[in-house]
């Protein structure tokens, strides 16, 4: 065994020299295989497609060529960390910024990344309290975090529901795990504030069998169901809703339950009317998508055309966008050369994308305007809602903010506890 | 001669099948007591009753005048009764040495921590018992196979190792279930020698089941004959030879 | 009361879906004494191949079914040739291990050939409440569940007949009792194993179609194997009938528990309740539902 | 030739019962330990320490624990990860609730709590055997993470049931660099390995194997089956508990209960089966095989792709890797059904005779 591993050591050594030339290297730990491949594949395709676009169209970042390597980790935490360590050794200045794309890996990197001076971008997942950049200088739960989303979902229901949410009965159907517990505090407090009845129904992992949960729901006869699901649980939930005859247009999913995968796996028409939150709109009319088609796919360099414009592919593009813009911002301060992790961190923390900037970049309103600061690593905190019309997602609301004050307080409280446990003294870098 | 073991009207049945019906006999200190009988006569069942593997529906067993209630094989072992099995019950995955060492389990008292550290008391104990085991190994002349896995040994030697394991417990009463089954003549002679030596050297009382009439007649002091779970004869080899019932049972007449 | 019945019936019906998976395990355990860890992978492999062929070659339902059945038979035969035969007469644990290898292999192969996207699977029966029952008794019974129940019912019956009546079936039972003896009286062990694995593959296909059309065909199909374990515990690893009854019992128990006990404990107890139930059952009856008590003869 | 024990006479039983009786073994093992303690920290890159060696050691420890239960005492367990979780959460609670308690005590405490839980779930083993027993441990596997999620006290009321381990300090040293972590874990693993070895060559070890091989015979010669089995569960769970604590404190930093899911349990089971059931060394081999081989395969494929200048997407690479991995396992079993450990001893036999065929 030891001999063999020595061999592989040589291989890794060899590979290190592939990215020696002067380029901004993007390390990507992704999953296109294993239990959650269906979600990973479009996301990482989009991410890479955008990087390709920049090389093809603009010749990189301010003339700095972009290179990347994708390391497959199959959503397995140990493997994910292995990928992270491997990517760390690649490129001239390391992997620029890492998108862990998995709860387990995110937690695993909380300690490591700061030591290695590599920014973590957790786009719509991970630790919500990382929004407080004074405690988590290196972590960026960009665009919108879980708690803002939860609060936004409540506000959305409040808008949709006839004469408001007050006095209504809401069921929170959640994946019984850390991920599923994340929104509960927020929703409970909202329930107190807005005086609606909250019933929490957990679904054990993996959630491919929800008979009993939905019979409970049917018994409760709630006005709305919030679906905080993951993986196969989403499709099953929608299916089982139909089975017990619960109206799909009274279900609101969160953004990991709001992609084509979930609705189509349930069989397109079954999901008709189903609402879901998102931090990025789907659709391929945006200029950036057209450009990717023109500059990347038409040259036969694209990943897989069928994903273009889907929710998760677009999310991948957005993920790439914020990362890249972070680098650009850094370049504007440190000069147009290859940026180090530390410089990118500064760039991200001072990132600001106004409506016009986004328009110029060809994103239009695919994402809300973003403005970060040391205290706020979230940037937007806005959520949008889409509805499944049986074939595709259609916009069903404007950008919704939710109860910012409530969320902020909770974040600071939780971040403070983390700081205490890790004995960190909160400060801006 | 004082009684070591006393079997009183034992009846045992599995579901409908009667394995033993109202069997009684006794074993004197330091004698060699044989149980014989055709196949399915309930010989092994008898031994299993004695060391608590089977619970008889009726009847009692007393050891050194003490009756035992809800006995378990473990308790029996504690009383100083060891046995070997008809179809060898050695620990196939372990070396001969370890197999015999297991026989010393009751003699070793060091606790888990001491064992984990393998230090002081435990180490002494290990060495001490190893010496004892080595004596038995010498006694049974199996030095050369000490470290071999028992699974790899020929049948005859396995039987011998099993005897060694039983002896390692330094039992007062030794139950041997067909110790010579399937052995060739030389091996049988060896085994006879060992049994007699054990009986005389360690002063161990022996109850054995055996098919080979010749052997039984030669080495045992007294013999019990079972047939279809009933006792049909009990006495010295000579009495048994002349017992008509026994002859019939063996010739299958009557 | 209606609600109780609703939960109970719902539970029984989803129990049938568990039995369907358990069945595959039982067949193989019966014939080759192997606990086939790859059963879940086989379900995934079969279902994914099915939709894969449907999509890529635009075949309709029945032809696809034929193709996949043949495919599963090939898998069965190859497994016998390259995995079981070289390992014949090895201890159980070794064979178990081999099926672990098989699991990785099948999962890899399926994803290599057909990709990793989630596919919907529509076998034409809508998973919606039967109107008339809903109106009459205000009770939700899914047409699909009934259909699934009927399918697995027929499957079990036909398997039972297959084993009782046909020559292969008798041979198989002989093999199950004692490999050596079976061999000695000239039963072709290899063929029997190949056949059993093929049948298990077919059962996996059926399970894959049922679960796939409920959850969508995706990697998560491999998880259904876990649903089958407590069923096997209660029903016994080697009893076809046990698999069915076990499934029904587990299904009903876990649903009732989730609905009536769950809320007191904070819910989500389904995940472990089945196992605890199976455990308690074993403590009362270690030999399982149909296994007979055996006396240690020494 | 190289590996001859001829002429190495043991003049006392204590010598004969020593851990390493053959001088070549002594030399080899000591060299290996010295190498991994003194040389590796200097030559190994951070990547090797954090991404490969540390997880390898943690898994080895867990595998060791499972091997005691399954390999030596013959009780199949599918709940390893759950016992690891208990160890991790217990150690965490010791750290945050007992003022300035030394980390070692937290780890031991975690191990002990895990042992207690292990005994609890081991009780059914007195009535149930074989695959059927696996269900008892599966119950643990599904129940314990659920409990850790539900009862917020365990995670110190973290909103999502995640524990974030405080920095590890050992007699003033802060253990946060890859090297220090590696050495710290290595020492723990070596010590626990020695303890395991001792247990196995003592009475309890023999009793475990006796119960494994033939429980009735064991009882008849005076081995208390119940006690022996329960001790096996306790010791095994202790090892798993410590492994879990190390996993959380020195490898991941913060973990959620789902981190200890059934996949992890299976991984560890695979390790001992591939490595060698009932072999301490096998635990090492198995952990190495399962953690290293996929990485190695991936690199080989990647390397070939680069060499042959064909582009293979990482997805395909990893699917291929899965394929080959599965095939390799089957291949290994056909070549040597008793795991890598057995291969090792066969190799030693060969060395003994080399250069002569026999």
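By written order: A, B, C and D. Residues from 1 in each chain.
Basically, contacts are C-beta pairs under 8 Å (C-beta built on N, C-alpha and C of every residue); 3 or more make two chains touch, one makes a residue touch a chain.
Here the structure is a predicted model, which means the values were calculated and not measured.
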Chain at maximum distance from chain B, centres defined as averaged CA atoms: A
Identity of the most central chain, Cα criterion: D
Centre distance in Å when chain B and chain C are each reduced to the mean of their C-alpha atoms: 48
Length of the line joining the C-alpha centres of chain C and chain D, rounded to whole Å: 32
Between chain A and chain B, centroid-to-centroid distance (C-alpha), Å: 72
Inter-centroid spacing, chain D versus chain A (mean Cα positions, whole Å): 35
Set of chain D residues in contact with two or more other chains: 142, 146, 149, 216-217, 315, 319, 322
Multi-partner residues of chain B (at least 2 other chains): 53, 85, 89
Touching two or more other chains - residue numbers and ranges from chain A: 32-33, 37, 41, 176, 204-205
Chain D-touching residues of chain C, taken from the complex the two chains share: 35, 82-83, 86-87, 90-91, 93-94, 96-98, 100-109, 111-112, 116, 226, 229-230, 233, 237, 265-266, 268-269, 271-272, 275-276, 278-279, 282-283, 286, 288, 296, 298
List of chain D residues in touch with chain C within their complex: 124, 127-129, 131-132, 135-136, 138-139, 142-143, 146, 149-150, 216-217, 262, 266, 270, 273-274, 277, 315-316, 319-323, 325-330, 333-334, 337-338
In the complex with chain B, residue positions of chain D that touch it: 12-14, 16-17, 195, 198-199, 201-207, 209-210, 212-214, 216-225, 231, 235, 278
Footprint of chain D on chain A - complex, ascending: 1-2, 4-5, 7-9, 11-12, 14-15, 18, 30, 32-33, 37, 41, 70-72, 74, 76-79, 81-82, 84-86, 88-89, 103-104, 107-108, 110-112, 115, 127, 176-179, 181-182, 184-185, 204-205, 414, 417-418, 421-423
Touching residues (chain side chain C, partner chain A) in the complex: 3, 6-7, 10-11, 13-14, 17, 111, 116-120, 122, 126-129, 134, 140, 142, 144-145, 211, 214-220, 222-224, 227, 254-255, 258-259, 262, 266-272
